[in-house]
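The letters A, B, C and D name the chains in turn, as written, and every chain counts its residues from 1.
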Amino acid sequence: MKIHEYQAKDIFEQYGIPVTKGRMARTAQEAKIIAEELGSTVVVKAQVHVGGRGKAGGVKIAHNPDETYSIAQTILGLEIKGLPVKKILVAEAVEIAKEFYVGITLDLSVKKIVFLVSKAGGVDIEEVAATQPEQIIKVYIDPLLGLQPFQKRQMAYALFSKKDHIHQAMDIFEKLYRVFCGLDCSLAEINPLVITPTGTETSTLLALDAKVVFDDNGLIRHPELEALRDMDVIEEEDEVEARNNGLTFIKLDGEIGCIVNGAGLAMATMDIIKLFGGEPANFLDVGGSSNPNKIVKAFQIILKNKKIKAVFINIFGGITRCDDIANGLLEAHKQMDIHVPVVIRLAGTNEEKARTILNSAHFSAYASMEEAVTQVVELAKRGQA
Amino acid sequence: MTILIDENTKVIVQGITGRDGSFHAKGMRDYGTKIVGGVTPSKGGQDLEGIPVFNTVRDAVDQTGANASVIYVPPLFAVDAIYEAVDAGLDVVVCITEGIPVLDMLSVYHYIQHKKVVLIGGNCPGIISPGKCKIGIMPGNIHKEGRVGVISRSGTLTYEVVNSLTQAGLGQSTVIGIGGDPVKGINYIELLKRFQADEFTDTIVLLGEIGGSDEEAAAAYIKQYITKPVYSFIAGKTAPEGKRMGHAGAIIAGGKGLAVDKIRILEEAGVHVLDRPDIMGNVIRGGQ
Amino acid sequence: MKIHEYQAKDIFEQYGIPVTKGRMARTAQEAKIIAEELGSTVVVKAQVHVGGRGKAGGVKIAHNPDETYSIAQTILGLEIKGLPVKKILVAEAVEIAKEFYVGITLDLSVKKIVFLVSKAGGVDIEEVAATQPEQIIKVYIDPLLGLQPFQKRQMAYALFSKKDHIHQAMDIFEKLYRVFCGLDCSLAEINPLVITPTGTETSTLLALDAKVVFDDNGLIRHPELEALRDMDVIEEEDEVEARNNGLTFIKLDGEIGCIVNGAGLAMATMDIIKLFGGEPANFLDVGGSSNPNKIVKAFQIILKNKKIKAVFINIFGGITRCDDIANGLLEAHKQMDIHVPVVIRLAGTNEEKARTILNSAHFSAYASMEEAVTQVVELAKRGQA
Amino acid sequence: MTILIDENTKVIVQGITGRDGSFHAKGMRDYGTKIVGGVTPSKGGQDLEGIPVFNTVRDAVDQTGANASVIYVPPLFAVDAIYEAVDAGLDVVVCITEGIPVLDMLSVYHYIQHKKVVLIGGNCPGIISPGKCKIGIMPGNIHKEGRVGVISRSGTLTYEVVNSLTQAGLGQSTVIGIGGDPVKGINYIELLKRFQADEFTDTIVLLGEIGGSDEEAAAAYIKQYITKPVYSFIAGKTAPEGKRMGHAGAIIAGGKGLAVDKIRILEEAGVHVLDRPDIMGNVIRGGQ
């Protein structure tokens, strides 16, 4: 689960990582008030779940509250990579002497947590990784041992030279690691981590941006994090509804709605539909447990898509029981007007029971995937004609 | 014949009194698996249709002589269940549980590296040696004894392929669903090694999907060490990039883990990669 | 480092382990006041660093404050295995339904922390281990993994049958483990852990006795624990003084005082003295670092022993430098009247420098252990005659 | 010849700018050891009489090609220093530091079990291959090249014995002080194995002391696997029970770890156990 920069910064602050002052705003007026409170030059940053905000005009400096208002208005009117900007972060602007990158993620090839740090901060780190891999220092954490002091030293001495900065950096590494492990993250990133210029005040380290992605499987341990999920993100509305009902749903461009059990079979089903000349309208995995209501919900979600010309139910029962699916289908027919043809293919656990249920309601189901897919592609084409 | 399990494998069910645990405990016993006991803390002394329930795995092992276990407990308790099974000295531990946090599995992965245990899963359908022993949730009736070994990251996709094999008259030596999670117990390579060494396996089927680089690693191993014919299907050719397709592992990030790349690399390793799973049986029969 | 029961109970309380109410007293009057405060039947327990207090009459029940006074007076007059009782614990007496044993220590053969639990509580656990080993359940903790929930269940289900007791026990195991690891213990023990009878109140688990021994090497991490060291323990006075000066000293029965560097050589030196017909008066290891003052201190400590007839300094320099030892010896001669003959044997690091220093002060040192030991045994015998 | 180290071993000193670290760094270099660098955080870029100092072991290894290290840092930092050395891929790590909490060492012990590193210590005098390489704090001048391998739990007692060997004209192949702490890196058995396999070692000296059961374990191994003559001395025959004799390991608890038992068990394994250490050289020379 992705969260926004302003939310990630709140988390950083709770864990004691130094961040710039600021707050989230939904309107230009709110932004102006925040700028007044901060009483300094501010940076206004679009809060959207895509990269490249800066290039798209989503990050701008404002020198006073009035300018903040107008810049906020502009940014709140933007669409970045198809996503409308609904929230902005208004934060104090700070002077920067140098920018660094610090990130923690998982390296699945070695099954370890890995720190990535670089002197090349503030830029696209994947770009750096691709073109100048020697600029990135990787430090692997043994999960049974945890982050060790020597590893913090290794990174701090590689990035910084002043004693103060080295100690601050070691402290930040420790705290970012606590964020990562404490909240079951799959990514915790500071880009850039900056040092402010030496002047009248002491030069210090600050996290100017913050990015945190949670492991979806870890959320069960941190129910409080659900509150951070952005319900404003329009393109995911159906996906959120699906998830709330125990389904995994991803909308695609085609005209054949799919209801399948299991991610692998769901993907394979999409692949075969395409192979047979059709286009899948979605990925939908009803998951392992077989609650008839899930099928009702699945129909509700996929039928919202007006492009759909036919629905394909492909079930190979294991932990999912075919009779539950059949009952769900009948229930869906009762509860709503299913205006497109539905092709059913059933096999596996309680298959015979399911056929009995379906037959008694005058439905029939294929056993062969080939026949079923041929049929659904044919019906979808007829619907389009 | 079979790898890892056989007709003498004695299995206990961790979480036997839960909805899934009790359903599949009976299913496995009906299939013929020696289900010798179950574990649910605080239910020790009870029984599930004659299967004795214990408070701890240690108790169950001491009193039944079990050498394998299968885990049906909620995700936040699964890792403790795995450690308990490993600690009790079991040879094979199958973790069905879906949704285990990946940081928990990192610890498990490193902890078991130098232990004798073979961990299958989590988030997997289990392992079956047709006609001898089924440990997991797969529908037993679609399987048939034979000489094809199947390894898969997916559950239902595996059933599809096994069904196709059986319908084409090709039985299976052992079928293992290793699970769809990014960090899991046993992986392709260790199983390829075992199938290559197993005199009762002639042909290997490797089912993969988008995301991660396990199939690429398997391809490199096949190229170097596997002389038996390997057939494959990789799901997710039509999946869009950057979207999570149900399995935590089935996500394509930064151009890595694409189906097209996996297919190419497997083909370069001499693997026959099919473009649909349901014809696996006929293709292999034709190829033999 | 050993601490008393009352101190261990304070620690248990801080960690949330349920203990009986009570306090330490040094006089019968204090004991009476505590009994008045508790307002119940109390148990008066001698606080000494040896086992077998009960059999020696060091643990008694008192039914009221006056009886507490007289019992306290009796116990404070006792000497248990040679140790005078200077402190007592006055604690509320509770009814006991059943007694259990719970202990955590290290199993050095497998290099793991081990829990020992038994239904045979309240008795000498070493006796149980020797005669009924099947009565003791051992649970080994992997240091990299820590105590796991299943291990707590394993122990709790083995000891208890009621749900409440099982949950309380698991909680106590967890907390005792935190005491053990959090304070670098080498032993943390509850014997007995009791369940109170089921009556009007709920039956509950209580730690009736508490024993904690700290790893001496771990004390450096917990300087606050030094305050728990019992300075009253007379027979250890010199040992404490030695420790405070970086020396390891143990008094023995013989007449040859020993100053040696390294525990192995110090023990070997004692063995050889004995082999040559002498009797060592002490074990004294000056340790690795070679501060001349340590030698002065060593003389101060061993010369307190009036039985001493000769002193043997045996140094094989490694990290210890012989010249530091030589300087220390000269300094000791300056500062005090060394009334017994001193035999010196020096070898190793800076041996030549040391000889130069000693020669200039008209001392000499042997290079051969055999010659030196022969000499010191001879001198000690002469002194006795 | 030698085991574990030789004239090509390149050593870095962790804690080189401390009192003991700098003294012994120079001492080792004077003996002829290839001291290629030192590590003290925040002192990187400085040097100690020409020995370059680095901030991290990784830096030191990258720039000097070191394959061994010796640790002279305070007890609460020693374990981190060990992990740092292991992480940097060193073959031999010698930890001189005394007073490391035993719980810290438990973690170290288990962590290094499946790593290639050989850890010697903590609380040990180190290892020396006379005439080739000295890593530790022992006085180099009492050693002499030769064919006796020495393993010891004690520091100064080892010097006593080595001195006696050298005076009797018997040189040493390698002398290792494994340290007196109850939990340490390499132990008797692994070293007995190496000496048995080393064609340049004829005779083995095993020095022990009261406490623990390492000598008993060594005796069992000797009985089964060691064909070379083994000589021994066990310190602490006169030590009273229940008293800690300096070394954390040198404590007799509950009648276990007594010198008299160790001596008996070693003798039963065919070891020549002497009743004093200072005559070791003459006894072995006489026995040959």
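In this text, a residue touches a chain if its C-beta (ideal position, glycine included) is under 8 Å from a C-beta of that chain, and two chains touch if they have at least 3 such contacts.
Just so it is clear, the structure is predicted and the values come from calculations on it, not from any experiment.
Between the contact lists of chain A and chain B, the overlap consists of C, D. Path length between chain B and chain D in the chain contact graph, taken as the least number of steps between touching chains: 1. Seen from the Cα centre of chain A, the chain whose own Cα centre is farthest off is C. Counting C-beta pairs in contact across C-D and across B-C shows that the higher total falls to C-D. Averaged Cα coordinates give chain C a centre that lies 28 Å from the centre of chain D.
Between chain A and chain D the centroid-to-centroid distance comes to 54 Å (mean Cα coordinates, whole Å). Our note on geometry: chain A versus chain C, Cα centroid distance of 57 Å, whole angstroms. Among all residues of chain D, those that touch two or more other chains are 107, 111. Chain contacts: chain A has residues 142, 144-145 touching two or more partner chains. Viewed as a network of touching protein chains, the structure reduces to a complete graph with every chain in contact with every other. The touching residues of chain B, counted against chain C in their complex, run 41-42, 44, 55-59, 77, 80-81, 83-84, 87, 107, 111. Residues of chain C touching chain A in their complex: 144-145. Across the complex, chain B meets chain A through its residues 20, 24, 75-76, 96, 98-103, 106-107, 109-111, 125, 137-139, 142, 152-160, 163, 180-183, 207, 209-210, 212-213, 233, 235-240, 243-248, 250, 254, 275-279. Considering their complex, residues 106, 108-109, 111-113, 126, 142-144, 181, 184, 186, 215-218, 220-221, 248, 250, 252, 260-268, 270-275, 280, 283, 285, 287-289, 315-320, 347-349, 368-370 of chain A touch chain B. Residues of chain D that touch chain B in their complex: 113-114.
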